[in-house]
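In what follows, structures are represented as C-alpha cells.
Paired with chain B in one complex and with chain C in the other, chain A is shared by the two complexes that follow.
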Partner chain A sequence: MTILWRAAPCLVPLGLVFAVQDRFALSVLAFAAAQALFVAGWDLVGGASGQPTLGHALPLGAGAYFATFVAGWNLAPLPTAVAGGALAGGLAGALQGRLGARLSRLSLAVVTLATAEAAREVSSVFRFVWPGGLVVGGDSGIPMVVYPADEASAARLAAAVLVVGVAALLWIGGSSLGLAMRTVRADDRLAAASGIDVVRVRVLAFVIAGAVAGLAGGLAAAMTGRASPAMLSLEPSLFAFAVASIAGPGTIVGPAAAAYTMTAALQWLDVPGTIRLTLDAALLIAGAFGPSAAAHLRHVRHVSTPVPASSAR
Partner chain B sequence: MTPSQTIPPARDASLLRVEGVVKEFEGTVALDCVTLHLASGESLGISGSNGSGKSTLVNVISGFVRPDRGRVWLGDREITRWPPHRVVRAGIARTFQLPRVGDRFTVEENLRAATLHRRLGGAQRRQIVSQILEMVNLAPLREREARTLSLGEIRRVELGRALATGGRVLLVDEPFASLTLEDAPEVLSVLRRLRREGRTMLIVAHSAALFQALCDRVTVVEGGRIVRDD
Partner chain C sequence: METALQVVTSGLLTGVEYAIAAVGMTLIFGVGRVLNLAHGSFIALGAYTAYQVTLLGLSPVGGAVPAAIAGLVLGALVERVLVRPLRPEPVAAAIALLGVALLAEEGFSLIWGTADHSVPLRLPLFLFGHVVQGEEQLIAAAAGVAVLGGMAVYLRTRSGRALRAAAADAEIARLAGVDVERLQTATFAVGCGMAAAAGAFLSPLLSVGPTMGRVPLVFSLAMVATGGPGRIWGTLAASVVLGLASTFVGFYLAPPWSYILALLLTTAVVIWRADGVFRRMQL
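Let's turn to the complex of A and B:
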C-alpha cells in the first residue's frame, strides 16, 4: 500500500498522455518517460546502494542496440525486442558491477565511465551489413522500425512502463534487498558485520539498475527508430547523476519526477547538447551544496575514511 | 617456549579456537603466535594496554583482517581467511571499538538488517527483532534514528545487531569505551544478562572490575603476545 502511495506521482505522466492531443507534445512526453525510467534505475544503484556510476549509459546503449539487432534480424516481435533490452542492460550492469564491486566510489565512477566510453568508441567504429544489404553502424547508428507507430501509443506505452518500472524499483527499495543496499551504502564494514555479502549486493544493484536502463534504452530506440553511439555517451549518465543529486538520492520517485520534468522541458525548448552538459554540471554543483545531497556526500565522506592501522590494532 | 605457546588448544571442548595466529602491519608485529580457545557458554575477557593487539585479534577472528599465519576454528570448521559476512553466517558476531551503526536507520532497521542473511519468515523476523530489542532495553526507542541516540544506546544497538545475526559466539570490542557514568550501567546490565543466559562471549576491555563481573577467565595480551591466561 505504501509503495502504491509513493508511486502515485508517476500516475501524472500516465494521466498527461491521455489528456494531451498534440503529436509533438506526446513525443516529448514519451521520451521524457523513457529518460525518467533510466534515471530511476540510476538512483537504485547510485542513490540507494551508494555506487555513483558515471557509466549508466552502457546498459542504456546495450538495451538499445540489443533491441535494434533483434528487431532488425526479425528474431522476435518488436515488443519482445524492446523488453529484451532489459536482459542486455542487466548483463551490461553485471559486468560493471563485477568490475566495480571492490572499488572506492571515485574509482567506481571512473571505471564505469571507461566501460561506457569504450562501448561508445566500439559502436562508432564498427559497421554491419543489415538485412537487405544496407550497411549500418558507425556514428549514425543502427535503424529500427519505429514502435509503436503513432505518438499517442508510444507516449502511453512509455508512461505505463515508467509507472510499472518505478513501482518495481520502489518495491525493491523497501524489500530486504533494499535494506541490504542501504546498509552497504551506510557502511560496508557494518554491512559485513551484519552478515551481508557486500559484493553480491553491489553487483545485484548494478544488474537491476542495468535491466531498467536497458529497458529504457530499448524503448528509446524503438520510439526514435534508431540506436546510436550518442546513447552511450557521458551526457545521459551525467544527467542521471546530476538530477538524482538534487532530487533526493535513493528516493527513486524524486529523481524520476525531476528527470521527467526536466527532460520534457529541455525537449520542448529544443536545448542543444552543449547547453545540456553545462546544465548538468551546474546541477551537480548545486546538488553538492544542496541540503539532501550535501548530507549524502558528508555521509559518504565519513564512511569512506579508512581505519588507521593503529586503531585497527 | 613463549607464554602463548604454553596454552594448549582444547580441541574437543572448544567452540572457538585460535591457533598460532601471526599478523604484522608494515613491519610492526600486532599478533605474535597467539593461541587461545573459548568453550561453549564461556565468557573470556581479553585485557591489555592500548596497541597490544586486542582489537587485531577480534578483527582476525571476525574476518576483517587476514592473518599472515595461523588458523581460526569455529567448532570443527576452519574459518581462517573467510570474508567477514561468511564468518557472521557461520556464527561469530561482533561489535566494534568505534561503534558502527546505520546512523540514518531506525534502531529496528539496524537490527533487521542483521537478520537478512537468516532464512526467516516476516513474522518470525519481526518477533526476533522485538525479542532482542527487549533484551537490550531498546524497545521504547525502536522507531528512533540511531543518530539521535546517546553513545550508550548506540552500544546497545550494536549489541542488539550482533545478537540479531544469530551468532553463537559474541566478540565484544571495548563495550565501555567513551561511555558516560549514566550510560555504562545499562550496557553492563545487558552484558550481565547475556552472561547469565550462557552466551559464549569474548570481551575486550581494560577494567579488571568489569572482567570480574562479566568473565569466567581473563587473558592478557601485550605486544601481540598472550602473557597471562587465568
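Let's turn to the complex of A and C:
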C-alpha cells in the first residue's frame, strides 16, 4: 500500500499524455518520461545502494544501440527490440558493477566514467554497412525506424513504461534486496557482518539500474529514430547525478519527478544545450554541497573481499 | 626505421609535456587528498591562452607564463571557495570539480566560441638526421624538464619537506607546526598552474575547443593512476611511457585509439593499483 502511495505521483505523466493533444507537447512529454526513467535507474544504484556512478550513460547507450541493431537487421519486431534494450543495459550494468563492486567510491566514480567514455569513443570510431547499403556509425550514429509512429502513442508508451519502471524500482527498494542495498550503503562492514553478500548486492543494483537505463535507451532510440554516441557521453550521466543529488537521493520518485519536470520544462522552452549544461553544472555543485547528497557520499566503503555466497541473504 | 624514430622522439616530448600536468594532479591529490576532475579545464585554459598569444604573432610557448599565472590564481580561488569546504568529502569535492569543469567549458565557448581552433607553430623546425621536430616542442620539453627539476629541488628544501610531511600525514604535520590548510591551497594553485602551462605547451598538438580538456584529463588520470596517486616520480615515469604509447597507437592506428587506450588503462590501473591507495587514504 505504501509503495502504491509513493508511486502515485508517477500517474501524473500518464494522466498528462491523455489530457494533452498538442503534438509538440506530446513529444516533449515522451522524451521527459524516458529521461525520468533513466534518472530513476541511476537513483537505485547511486542513491539507494550508494554507488556514485558517473557512467550510467553506458547502459543507456547499450540499450539504444541494441534496439537499433535488432530492429535494423529485422531480428525481432520493434517492441521486442525496444524491450531488449533492457537486456543490453542490464549486461552493461553487470560489467560496471562487477568492475566496481570492491572499489572505493572515488575509484568507482572514475572507473564508471572511464568505461562509459571508452564505449562512446569506440561507438564514434566504427562505421559499417547497414542493410540497404547505407554506411552508418561514427558520430552520427545508427538510424532506426521511429516507433511508435505517432506522438500520442509514443507519449503514452513512454509514460506507461515510466509508471511501471518506477513502481518496480520502488518495489525493489522496499524489498529485502532494497533493505540490503541501504544497509550496504550505510555501512558495508556492518552489512557483511549481518550476512549480506555485499558484492552481490552491489552488482545486482548495477544490473537492475542498467536494465532500467537500457529500456530508457531503447525507448529513446525508437522515439528519436537514432542511437548515437551522444547517448553514451558524460552529459546524461552528469544530469542523472545532478538531479538525483538535489531531489532526494535514494527516494526513486523524487529524482524521477525532478528529471521529468526539468526535462519537460527545458524541452518546452527550447532552452539551448549550453544553458542546460550550465544548469547541470550548477546542480552538481549545489548537490555536492547539499546535505542529502553529502550524507549519501559520506559513507566510506570498507569491504574489499567478498563475503562467501553461502551467507547471502 | 626513420618513421619509428620520429614517433619515439615525438612520443617522448609529448610525454614530458603531459608530465607537467600529471605531476600537478598528483601533487594536488597527494597533499590535498582531492581528485581534481577540473584539471582538464586548466589545461584547456592554458591552450586558449596560447592560442590568444599566437594571435599577437608570438609563439604558443610564450603563452605558458600567462597561462600558469591564470591557472595559479583561478586554482587558488576554486580551492578556497569549493574544495576546502568539501575536503572531508572527497567524492563530493570531485563531483563539484566536475561541475566546475562543465562551467569552464561553457565559459570557454562564451569567450572563444564553440568552434575548434588550431594553434599555429611560429618558430622554425629542426632537422636531426631524418627526425623533424618543431622548435616549440623542444622548448616545451626543455621547460617541462626545468619545471620538474625545479620541483625535485624544491622538495628537498625546508618548505618542500613540510609539503612532503603534509602529504604523508596531515595531522602529524599540523602538530609539527605546518600550516597544512595554506599548503593545500598553495599546492592546488600550483597544480592548476602546472596544468595551464602544460596546456600552453600541448596546444599545437591539440584541437583547441571548449570540451578539449576532457581528453587531457583522462590522460592525466591514467598517468597518475599508473604512477601511483601522490607519487611524483612514479607519475613522471608513467607520463613518459604513456606519452610514448599513445603517440605510437595514435600514429599506427588512429588518434581516437590513443584516447581509448588511456581510458582502458585508467580503468585497469584504478582497479588493480590505485584503489588500494584511495582506500588507505579513506577516500
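We take it that the second predicted complex is superposed on the first by the 292 of 313 C-alpha atoms of A that agree within 3 Å, B and C clash if a C-alpha of one lies under 4 Å from a C-alpha of the other, contacts with A are read in each partner's own complex, and residues count from 1 in each chain.
Basically, a residue touches a chain if its C-beta (ideal position, glycine included) is under 8 Å from a C-beta of that chain, and two chains touch if they have at least 3 such contacts.
All figures in this text were calculated on a predicted structure; none of them were measured in a lab.
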Residue contacts on chain A - larger count, chain B or chain C: C
Which superposed partner A:P52 touches (first chain B, second chain C, both, neither): second
Which superposed partner A:L179 touches (first chain B, second chain C, both, neither): first
Touching partner for A:D187 - first (chain B), second (chain C), both, neither: first
Touched partner set for A:V198, first chain B, second chain C, both or neither: first
Touching partner for A:S140 - first (chain B), second (chain C), both, neither: neither
Interfacial residue positions of chain B with respect to chain A in the complex: 25-26, 28, 30, 51-53, 55-56, 59, 62-65, 83-85, 88-89, 93-94, 96-98, 100-105, 109, 112-114, 116-118, 161-162, 164-165
List of chain A residues in touch with chain C within their complex: 52, 54, 99, 102-107, 109-111, 114-115, 117-118, 121-122, 124-125, 234, 238, 241-242, 245, 274, 277-278, 280-285, 287-289, 293-294, 297-298, 300, 304
Chain B-facing residues of chain A, complex: 176, 179-180, 182-183, 186-187, 189-198, 299, 309-313
Complex contacts: residues of chain C adjacent to chain A: 35, 82, 85-86, 89-96, 98-103, 105-106, 109, 114, 214, 218, 221, 225, 254, 256-257, 259-260, 263-264, 266-267, 270-271, 274-275, 278-279, 282-283
